[in-house]
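So that you can tell them apart, the chains are marked A, B, C, D, E and F in the order they are listed, and the count of residues begins at 1 in each.
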C-alpha cells in the first residue's frame, strides 16, 4: 500500500452566516467571516489516494487522470465562484472549511474508485494558518 | 540607506466587471474574474520602507509602529471585506491587483513619512502565481 | 470525525546542555546546539484537534477560541523567551523539539477538551529541515 | 512514542519508459514523462522515525546521525544522478515517485533500527503538486 | 508605471559539460553538475513586465495573454525536456541558469511588446537556494 | 550584466537592549525583543552578486566558491551563536536585522570582488514577516 497526493487550488468567495440567526448572533459566532458582502480565499486542496503500485507502470493511479477528475468534479465548479450561491453540491450547507472538505470527499469518492485507487484524505487549506483533514465518514 | 519590508495579509472578495460593458465583453476581458457572485483571494502585502539606520536603536523604522499603521489604514479596511463594495478608498476603481496596490500606496505614503522613513515599494500578491509592485507615481 | 489544524509561531532561545556532563560530552552529543551563550529558532507550531462538525455552525471547534487558548497557554509563555530559563512548564526539561512538543501537549490537552474537541497532534517545527509530531502518551 | 522527521533533497534526471512497449504506448501511459532525452526534478525527501524520547538527551534519535545515514545511503547516490542509469538500487525499477520512495525505505530501514528508532514513513515530493508517502510493506 | 509578475514552472534535465575540455577539467569547474548521464531540476520562472495601468480595465497587461505567450514560447519548449539536446534556442549554449534566463529574455522580449508592456526582468530559480535575475542587455 | 543569488541560513540568539538605557526605556523601544534572557531566530540570508557571464563556463561566479566564502566568513561565525556575545564583527553593534545585514556586507564585499563579481545586495530575513535589504554604503 502506498499513498499518493495531488495538490490543486481554487479561489472563491464565501460568507459564514446563519439565516435564522440575528446579525448579532452571526457576528458573535462567525466574527469577520459573517461580513454581508462576502470575503474570499485562495484554497489549496490536497487529495490523497491509497492503492497498490502497478508493477508495469510503477503508478498507483495515473496522476493526470486524477488531476482531470478533480478539475471536472471540483475545481471547475469552485474556482472563481461563490461557495454559498454558485455551487450545486454546497446548497444548504454552511461553507466552512470542514463542510467544503466533506462535500469534496462526497463528490470524488466514487470517481477515484473507478481509477483503481481508494480516496484516503481530503486536506483543504483556507489560509496559511488553518486547514482541515477529512478521512471519510466510517 | 537601507530597505526594510513588513509582510501583512488580508482575505477579501472582489470581481472585475465594467458596468458600462455587456456581459460578453466583461467575460472576454476579465474571464472567470467577472463572475457576478464574486470570488476572493488571500492577499499578501509587502510594504518596503527606505531610510537611514538610527545609531541608537539600530532601527530604520520601528516595525511595530509600521505594522500598526498598515493595520489601521489598510488591513482593518480590507480584511474579510468586499473590495468593490466595502472599501472607501476603492470606490469607483476596478479592484485589479494593480489598482489595489496603487490605492494602498496612496493611503500609506504620508503616514510612513511621519514614522521617519520613505515608502519605497508596495508589493501585492493575489495568488502564488502573480503579483504587482508599485514604486510610486513620479 | 474531522481534523482541524491551527498554525502559530514563536521565536525563542535555547541550548541543549546537560549540567552533569563535561563540556566535551555535551559537545559530542549536542554539537553546535550546546553553545554556552545560546542560539535560537523561529518555531512553527501546528495544533490539530479532532471532533464532530456542529450542524448549526459547520465548525468542529471555533478557531478563534482555539487560537486564544494557544496564545494564553503557549505562545505568550514561549515567544521571545529563553526555553531553558524563562518557561515555568519547561523547568528541568531539556528543551529539545521532542520535549517542547510533549510539554505543549500537556499544557493544551485539558483546555481543548473544554472547547469540545480532542487534541490529536502537536507538530513542532524547529527549522525548515526537522520537526516532531506527538500524538499523546497512551 | 514520538515521531521525528528530517527533510533532505536531491536533484535528479529520469524518464518513465517501458522498454517492451511501443513509443506510442509509452506516450499514452506516461505522457511528457516519456521524453527520450530525459527530464528532471528537485526531489524533497522527508524521513520520519518513531521512538521513545531518551530521558538524558531529550532526543528520539540524533538528527545529525540520521542525516548522515540518509546522505551516505540515499542522497549521495541520487543527487545529480540519473535515476534510470546511475543508481544501483533502482536497477530494473521504473523510477516513478512511488518506486523511488519504496526503494529508499528498503535502503534505510535496517540502518535506522541501528540508530535506535523505527522507520515510520518515507515521503517523497517530486513537484510542488504531487508527493508519495510509504509506511512500509506489512 | 507599475510592475506585474507572472510565475510559471518547468521540469527539465541538463548537464554542464564543455566538450572541448577533459573530464577532469569539467569535474573541477562544474562538479556534480557535469554528471555524464544528466540530472535535473524543477525550474521556477518569474516574468516581470512594466507598463501603465489601462484606465478601463485596471490591467497593465492581461495576465492570461501573458501566460499564454510564456507557455507557447518557453514552457512548452522546456518542460519535460533536456536543455542541452531538445531546445532549439539553447543550441550551442551551456545551460547554466544564467544562460537559460538570457535565452528566455530573448525569446519573450518582442512578444511582450506586442502585448503593450515592456519586459523588465526574467528571474529563474534552479533550486530553493539559487536563482538568477536578468534585466536585459543594455 | 546578470544578478545571481545564493541563499544560506543560520540560527542565532540575540536581544535588543541598550545598556545605557533603563529597563523601561528598553522595553518601550524594543518591546519583547529586550527580554534579558535572549530569544532567537532562524535567519535566511540572500547574497546577490552581479557580473558578466563567462562565455566558457556560462557562470557569473562559481556558486560553490560563493557558498564557501559565505560559510567561512559569515555562517560559521553566526550559526548557533549569540549575536550580542559571540561574534567578533558584531561587537558594540545593536544586533538588529539592519545592523547584521550591514555587517555581513562589510565582511563579504572584498571577498566577492576576488571571485570576479560585485556584491549587489544583502537580504536578511529575521522572520517570515520582515526582512531587510542593503545595497552598500555609497
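Please note the rule applied: contacts are C-beta pairs under 8 Å (C-beta built on N, C-alpha and C of every residue); 3 or more make two chains touch, one makes a residue touch a chain.
Here the structure is a predicted model, which means the values were calculated and not measured.
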Seminar exercise, completed: Overlap of the chain B and chain E neighbour lists contains F
Seminar exercise, completed: Sorted by label, the chains bordering both chain A and chain D are C
Problem set entry | Farthest-lying chain, centroid of Cα atoms versus that of chain E | C
Seminar exercise, completed: Residue numbers at the chain E-chain F contact, same meaning over half shared and different meaning under half, come out as different
For this session: Average the CA atoms of each chain to get its centre, and name the chain whose centre is farthest from that of chain A.
Result: F
For this session: Between A-C and C-F, flag the pair that has more C-beta pairs in contact.
Result: C-F
Exercise. Once you find the CA centre of chain A and the CA centre of chain E, what distance in Å lies between them?
Worked result: 34
Seminar exercise, completed: Between the Cα centroids of chain B and chain D the separation in whole angstrom comes to 42
Problem set entry | Centre distance in Å when chain A and chain B are each reduced to the mean of their C-alpha atoms | 28
Seminar exercise, completed: Flagged in chain C as touching 2+ other chains are 128
Exercise. Line, ring, star, complete or other: which describes how these chains touch one another?
Worked result: other
For this session: Can you identify all of the chain pairs that touch?
Result: A-B, A-C, A-D, B-E, B-F, C-D, C-F, D-E, E-F
Seminar exercise, completed: Note: in the complex, chain D contacts chain A through residues 16, 18, 29-31, 93-99, 101-102, 128-135
Exercise. Where on chain E does chain D make contact in their complex?
Worked result: 9, 11-14, 32-33, 35, 37-42, 79-82, 85-86, 127-128
Problem set entry | Residues of chain E that touch chain B when the two form their complex | 1-8, 48, 53, 56-60, 62-64
